[in-house]
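Have a look at these structures, which come just after this line.
Here come two complexes built around chain A, the first alongside chain B, the second alongside chain C.
On to the complex of A and B.
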């Protein structure tokens, strides 16, 4: 930015067209977001591929990371959805890795955070929702709707409970996607605002430089916090996916 | 890098003019700018789909295979350890057995030596006893003989004494045959 006193915390979320592409009247240009998605997939996939290429019985450092992430997601899925849920393991693992690496890459200055756009998180959440719905119906047929009818509820309360259950089921993709999106968006805005304070204050001279120490400390602390949140939100996203998949596999409460 | 250049270019435009540089969507909040949705969705589908296929086909089976090989290896090593332990146990058992055999053999030898020594001592003792017995018997017979002869002599002494006493008391002379029969009568 040419004018250091002007800070636009929203600027970092702009989608910039790198290669204009238009198909069937839709603008599907290759953008900075597309680039980051490719970097995410290539980086995560490449790392896992290279890390496991030696197939060591005694793992090295990189292989350990690959194995730990494998075990981490596998135990998470097994704990919440049972061993039957393991058929969704590749999906959950891909989801976790993609979100995690996209979140972490977003921490680099000038890199857009792919997951800070609602459309991306919504697409992933709806994908989970559709998979749960389709698999649940295909596997259990109408018994899948037992999901909305908890056992041991008095008949009088039944309509109310079922209504609540249906609404909570239908709003899942919203909460699922907004949680990740909002966390990423808010975190990056906060980070940018505090960093902006530093720039603004230092331009005021000696007093400003001293005064800038506080927002600088905050920005450093927030950066650490953002790294934690980047991991945590990927974890939460995958965890919720596991819980929803469990509903598709075991619809009875 | 593309991103940096693009960002820098945009930053300059924006800072320089304050006029939205890119049709409408510079003014709207970027995450809610629906004009970018088709592009984002398409590229998400492409990258996420390929990433999924790559992980599912290549990476995850590979990590799974690593785990399998490792657990196989561990099971194999455990088997080997168990087998070696069995062998060691067998060796210990054989050693114990041999030790016990040797001990019992030693006992046996000792016992038989003791037994034969005892038997020998017993036999010697018996022989000595038998000899003593024989000697004792011989002595007893001698004593009996001496006694008999002494008793025989007692008759003669008694006859002499009786004759002498009779002569001294009565002055009569008894015949030898009379005294003899009287003594024999008295002796029973």
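On to the complex of A and C.
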């Protein structure tokens, strides 16, 4: 951005190659997105490791945050998938922490929001989808397909309903990933556009500075909303994962 | 402070905590629906709907490619995808019974779920 008054709201999602790597004709460079993902994993893992290392009976601040997040995910998983679902706890908890920390890290200026790229959220959603499919088929075999046959429908309507249910099942990874990606993308673009108004208006002189107060308050409010959405979307992502896992554990009736 | 007194205080605190938790639980139910921004709901519902159509059309297109039934596969599965999209939207808006309620009952009455 050569002109400081021109604001490009998409620029924040640009992937920059930090270390160019190429294997077999594929570009597998280490980018700013990869760096942020590693930071996310290290931060989430490191925090939980340090927070739980003291294991006090009376938890300190860090330990109670770790315990609250454990309780939060554990009760969510138990509520939606039953006590059998607890074997998926490490998976769901890792997903939740990764998405949450990635979303929150994205709130730092000059940090890329990794969850605002569809490829990242799609990879996570497809991972969930494949795990649900493989576990369901491995555990229940052919009975897993009962998931697509609702109870008490006439035989005549069966093919139609089953086809619709199968398509509905296949849309899960799409809506699962698009939901997180679109929320993060839209939120960050709105934030950037309003901040851009402030910058362009202040360059207009005294009248502009007075006029910039309105978008500035909007930007402040939106920042708070973005923090809420960062948490909410991580919660929604984990919640949907729990619901899908429930289908793998209890297909049919 | 004597042991009995300490126990009584702890019990009181426990009771207060459970009451508080129950209150929060009751509050958080409807609050999670209203607190999210309107555009989050819009994004959710539209992504559900569009995903249904995309997947339906995709399946139809693949069937046409494999079986050479063009354009019937695309037409039929596009319409089925539309139905699936509408079903998804109704489900995520909570207008069609979610399978979640059934699972909660199932978990309490099945003995294998207790392990």
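Definition applied: the second predicted complex is superposed on the first by the 250 of 253 C-alpha atoms of A that agree within 3 Å, B and C clash if a C-alpha of one lies under 4 Å from a C-alpha of the other, contacts with A are read in each partner's own complex, and residues count from 1 in each chain.
Note that a contact is a pair of C-beta atoms (placed from the backbone, for glycine too) under 8 Å apart; a residue touches a chain by one contact, two chains touch by 3 or more.
Note that the coordinates shown come from a computational prediction; the quantities given were computed from them, not determined experimentally.
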Could you check whether chain B and chain C clash or fit when both are placed on chain A?
-> fit
Name the chain, either chain B or chain C, that contacts more residues of chain A.
-> B
So after the superposition, what angle do chain B and chain C open up at chain A's Cα centre, nearest 10 degrees?
-> 60
Pick one for A:195: touches chain B only (first), chain C only (second), both, or neither.
-> neither
Touch check for A:90: first (chain B), second (chain C), both, or neither?
-> first
Applying the touch criterion given at the start, work out whether A:115 contacts chain B, chain C, both or neither, answering first, second, both or neither.
-> neither
What is the contact status of A:241 with respect to chain B (first) and chain C (second): first, second, both, or neither?
-> neither
Shortest distance over all C-alpha pairs of chain B and chain C after overlay on A, integer Å, is 8
List the residues of chain A that touch chain B in one complex and chain C in the other.
-> none
Parts of chain B lying in touch with chain A, wherever the complex brings them together | 1-4, 6-7, 10-12, 14-16, 22, 25-26, 29-33, 35-44, 47-48, 50-52, 54-56, 58-60, 62-67, 69-70, 73
Would you tell me which residues of chain A are touching chain C in their complex?
-> 79-84, 160, 163-165, 167-168, 170-171, 174-175, 178-179, 182-183, 186, 225, 228-229, 232, 243, 246-247, 250, 253
What residues on chain A touch chain B, complex-wise?
-> 1-3, 6, 8, 10-11, 13-18, 21, 26-38, 40-41, 44-45, 48-49, 52, 55-57, 59, 63, 66-67, 70, 89-91, 93-94, 97-98, 110-112, 116-120, 123-124, 181, 185
Spell out the residues on chain C that touch chain A in their complex, using ranges where they run on.
-> 35-37, 39-40, 43-44, 47-48, 51-52, 54-56, 59, 77, 80-81, 83-85, 87-88, 91-92, 99-100, 102-104, 106-107, 112-115
